[in-house]
Amino acid sequence: MDTLNNTLLKVENLHVVYKARRETVYAVNGVSFCLKKGETLGLVGETGAGKTTTAYAIMRVLPDRTARIVNGIIEFEGYNLLDVPENLMRHGIRGEKIAIIFQDPMSALNPIMKVGDQIAEALKFHNKEDLSPERIEEQVDRTLELVGIQKERKYDFPHQLSGGMKQRVVIAIALVCEPVLIIADEPTTALDVTIQAQVLAMIDELREKLGTAMILITHDLGIVAQMCDNVAIMYAGEIIEIGSVEDIYSGKMQHPYTAGLFGSLPDLEKKTDRLHPIEGLMPDPTDLPKGCKFNPRCPRCMDICRNVQPEFTVEGTHKVACHLYGSGKGRGIDE
Amino acid sequence: MIKYIIRRLITLVPIIIGVTLVVFTILEMTPGDPAKMMLGDGATLEQFEAFNEKFGLDKPFVSRFFNYILQLFTRFDFGTSWLTSRPVLDTLKARVPITLIIAVSSIAFASTIGVSLGVISAVKQYSKLDYVSRLTAMVLAAVPVFWLGMMLAILFALKLGWLPSSGTGSWKHYILPMMTLGLPYSARILRSTRGYMLEAVRQDFVRTARSKGVPERYVIWKHAFLNACLPVINTIGVYMGGLLGGAVVTENVFGCNGLGSFIINSVKRKDIPAVTGGTVFLAMIFALILLAVDILYAFVDPRIKARYTAKGAK
Amino acid sequence: MSERKEPILVVNNLKKYFRTKKGLLHAVDDVSFTIDEGRTLGVVGESGCGKSTLGKTIMRLTEPTGGEVFLQGEDIVSMNEGRLRKARLKMQMIFQDPYSSIDPRMSLAQIISDPLKVNRLCSSKNEIDERVDRMMRIVGLAPRLRESYPHELDGGRRQRIGIARALVLDPKFIICDEPVSALDVSIQAQIINILMDLKEEKGLTYIFITHDLSVVKHISDEIAVMYLGQCVEKAPSEELFLNPVHPYTKALLAAIPVPNLSKRHARPTVIKGEVGNPIDPVPGCRFAPRCDYATQKCTGRNPELREVAKGHFVACVLYNGEM
Amino acid sequence: MVMNKKPLRSMSPLQETIYRFSQNKVSLIGLAVVLLLIFIIIFGEFISPFENGVKQNIRMRLQGPSAEHWFGTDAYGRDIFTRVLHGTKYTMMIAFPATFIAEVIGIILGACAAFYSRWFDNILMRVLDVFQAIPGQLLALAVVAALGGSLFNLVIAMLIARIPASVRTARSIMLSLVGQEYIDAARSYGSRDYHLIFRHVIPNSLGAMIVSMTINLSAITLQVSSMSYIGLGVSPPTPEWGALLSEAREFIITAPHLIIFPGIAILLTALSFNLVGDGLRDALDPRLRD
């Protein structure tokens, strides 16, 4: 069993909304999960599932004019990040202890600043050990080499680098202060497969070497299988299934949405005639359905699903929020 | 970089030839015989012929044009005034400094106010300050320059008596023209700076900087503003055209003897060579300003720089 | 009675070069293939390999620099405007971006009926309406959406509009240019199913351009792998995945993350480096700089596509002649 | 099957733009002023006959605003209110046709540049470079210098001064539209060039072109009045706003009301065009707002 002091990050009942002029977008609706030191959690879901919003909420970099964290606790190393004042957050947490890798390397780098300076910037503002400028430069060189870029290229501007190299620079920025937690927001979606393989292999290796915990946000179940220890499947701002990779990929006690995700993927090893996608579309985040959020698309929807929000059914490390499982509340009606 | 500047200077040559051609062609359409207009009906036939020969008016349009271009590029000669028979350049030399002082001081004034308020307005979007500065800018951008000049003159010169209302004697004389021309443009610059800044603070790399833990002030100025700067510089360059045109009117309001009033007076007296010379000269200044903007641009933006310096290109 | 096995499309030595400031960009360089009626050819490759340009060049949306394209025996490349328009009735395209490929100022019905109108194929308004309704039904768009505008719809439904627009002319042959890469997985699967059903029903022939290997395997009968403007390997779909021959194909297949735990933490053999520059390439294998098996033989001469097994072609000196 | 939020009713992009515009109070005020101006042009004669603005009355000269003369009287005792009222006509008679023609020429040349790219575009750009090197005001001055300052000539002058900017705007709009995939799509299903231009490019460019048109209207209003003010536009007896101000210069100390009212008229006109333009731009592309 896990010991408590091993827990690095604990998110509890997180709710985030975006207030547009007349509408309220319910982006994250009661997300809870735990992350232990050195562990990798995959956050999986389709567009609009609330993955990125969750990540930004942890970093507290949500757009402050529209977004509100209405409820929840984000406990990091024993402190609730939502109570930490902004300047402490900036000084001690962001970039220092938690770093983020953004999705699109083309736009995540400042086009008019040398990449070396962009890496050094994080160090300069978290200069706890009073490093001399020379030492900072050395650290930049080392980090660049760590991510597989020659140190001479620190004098380059982003436009002189290829997409894969830019993403390596973004990763270098995240790593340079040796954070304990990295949030990787679809780090390879914008890259080609062969480059993706390079970057993923590099991230995995570095993470292991540095013992960093990671939240890997992705929509690709293949990447999760390769990289993660635990997986959380998100749908409409909720985690509908969470567990170890083995739990999720075993196919036992699977949420119908998870099943649909797997059914949408063509199998490389077997010849499949037809895919089995989930019908319909994501619900409108300003007007979510009652009960289980997935009920309008669910092939196994029951009466109870339309009215009652399902609780987690727990089986070891595996938790599923679906009326099909658990105390049998729904089973009787269905079969 | 120097190579680039030289190359860009060379590209000015066809533009100046083009500008001269346009101005020449437009003014060629003036109805009536110039000699008759200048000398009056009482002059003799010999006087007419002498006038026409002196100013090359007996030659066809094309040859006059080429001659003008040749003179312009070899001797920096802007032609001879029909009225005074003196080289136009002499008058230009005396008057250009006044126009330049007005134009440069007002653009400096406008940029300082416009850019700084624009940035603040964008950073504190939807704050009271934002509303007030946007409203003021809205109105100022629609104010006719000459009317603003008259109102300022009424207030500061006639009512308060702080500043002189016309002439060009001391530095004090330049304050009202500077404000007159500068205020409407500061409003325009504010509006575009605010827009580009709003765009810039939403960029991904600004979010990257924030998530690095960089202080907010640093994020705004070093990351967002430096990037927003590029289009702002460009816009200011474009506004220079309107501003130089506005300078012509402002000089008229405050009775400054600059290039503008020279052109206006020459237009009124149908002194075509003077109009041509003045216009071409002003266009040359404008072209040089645009060139300076381009160079500044390349200086700030490595992507543009790379396109021109051989080393930077991959 | 035409012969059943006659190829619907024959592409011979197709080339498309773009003039750029830095030199001649070889986007598509000497690509040849044939497609039989009712089959699907998958074209895979990474960004910058020229796969999209290939599609556009076959459609003659960009003028080819050289080569021939025969659609049912007629050379598209040498056609004049009028005949090309006729030929395009038989050959349509589905585009990648469901947002920019649809005119935002037209309603659904207008978008789908536009091909009929510009080609003056229908005599009456009723006939047009009927065909639009039929198309909408086929691609799974609710009839009440007829008068909707694209901005009210999501990517998946926009892509259905794109399919309906391509199909309304009853083409024989469709070029699908990454039709699902902008969509979420569940929507992607919906679209793929529609495309496969249509192929079944109407006996369509596809060129399916994509960067996604698992999708291409699922939908294609035959697959061509492109690298920097050239076709490096071509084989029946099953064969390619069972016996990849070209080192690039092998690397590409190894790089796909598989959604099961069989290969967990078994780090794939990652190929080094990145895709090179397609501007003014020197003769020789373009993959050689990244290839673990590269020898001197790889430079100096473009490797030719050779048949190594029945229907399996590869352009690699390792397999030149032997085997 | 579909669970996405259904719109209450389908709105075409045009309807949506109108709807969003109608939600913007500031722009609606601008529109109201523009409509008022048009009303004045049509019914000005009924509000206060032109006669009142011509009738001279030396005894009533340089009077301040009163119940009888709302804006006061000028040096000849003419009613300023009437003169400002009828001045609307002159400014608009120049601004509207000049803007409209400049915009049409912009669309035509822009479309040609975008479609028959390379050589035509290159030539066009070089020509534009030349024209844009001459500040608009000077170009207008040169035209007036050559042709003289009648109303018609002012339209020509404004036109020449505005065309370069209009063409450049139109060109960049058209170029970005031609780069859209739906143009390729339309071509691939057999659309001819004129289909592409008239069915896709022009309808899609219209919004942005109308925005640029309203902004141009504002700029021309200002430019026309300043031309008249420096004595190179409409000349004094005609109650054009700039000309009114030009006349009023001598009385800057004695009768400031002569200066205030025509100036406010110009300001309001230019401002309301700007407001409408801004509102339209926001309505066309709501992303720009937040």
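For clarity, chains are labelled A, B, C and D in written order, and residue numbers in each chain start from 1.
Here is the rule we use: a residue touches a chain if its C-beta (ideal position, glycine included) is under 8 Å from a C-beta of that chain, and two chains touch if they have at least 3 such contacts.
Just so it is clear, the model here is predicted, and its values are computed rather than measured.
*Asks:* Can you give the shortest number of steps from chain C to chain D, where adjacent chains in the path must touch?
*Replies:* 1
*Asks:* Chain pair with the most contact pairs?
*Replies:* If you count contacting C-beta pairs, the leading pair is B-D.
*Asks:* State, to the nearest whole Å, the distance from the C-alpha centre of chain B to the C-alpha centre of chain D.
*Replies:* Result: the chain centres lie 22 Å from each other.
*Asks:* If you average the CA atoms of chain A and of chain B, how far apart do the two points sit, in angstrom?
*Replies:* Those two chain centres are 53 Å apart.
*Asks:* Could you grab the centroid distance between chain A and chain C? Build each centroid from C-alpha atoms only and quote it in angstrom.
*Replies:* Spacing between the chain centres: roughly 33 Å.
*Asks:* Please list all residues of chain C that touch 2 or more other chains.
*Replies:* 154
*Asks:* Which residue numbers or ranges of chain A touch two or more of the other chains?
*Replies:* Where chain A meets two or more other chains at a single residue, that happens at 65, 279, 281.
*Asks:* Quick check on chain B: which residues sit in contact with 2+ other chains?
*Replies:* Counting only residues that touch two or more other chains, chain B contributes none.
*Asks:* Which of the residues in chain C end up touching chain A in this complex?
*Replies:* Answer in residue numbers: 46-47, 154, 156, 184-190, 192-193, 196, 211, 213-215, 217-219, 238, 241, 251-252, 254-261, 263-265, 267-268, 270-272, 274-275.
*Asks:* Please give the residue numbers of chain A that touch chain C in the complex, ascending.
*Replies:* My answer: residues 46-47, 162, 164-165, 192-198, 200-201, 204, 219-226, 245-246, 249, 260-269, 271-272, 274-279, 281.
*Asks:* Which of the residues in chain C end up touching chain D in this complex?
*Replies:* Per the touch definition, chain C meets chain D at residues 56, 59, 61, 85, 88-89, 92-93, 95-97, 100-105, 107, 114-115, 118-119, 142, 147-149, 151-152, 154, 157, 162, 165-166, 169.
*Asks:* Where on chain D does chain C make contact in their complex?
*Replies:* 1-2, 4, 7, 10-14, 16, 180-182, 184-192, 195, 199-200, 203-204
*Asks:* Can you name the residues of chain B that touch chain D in the complex?
*Replies:* 14-16, 18-19, 21-23, 26-31, 138-139, 141-147, 150-151, 153-154, 158, 195, 241-242, 244-246, 248-249, 252, 263-264, 266-268, 270, 272, 275, 279, 282-283, 286-287, 290
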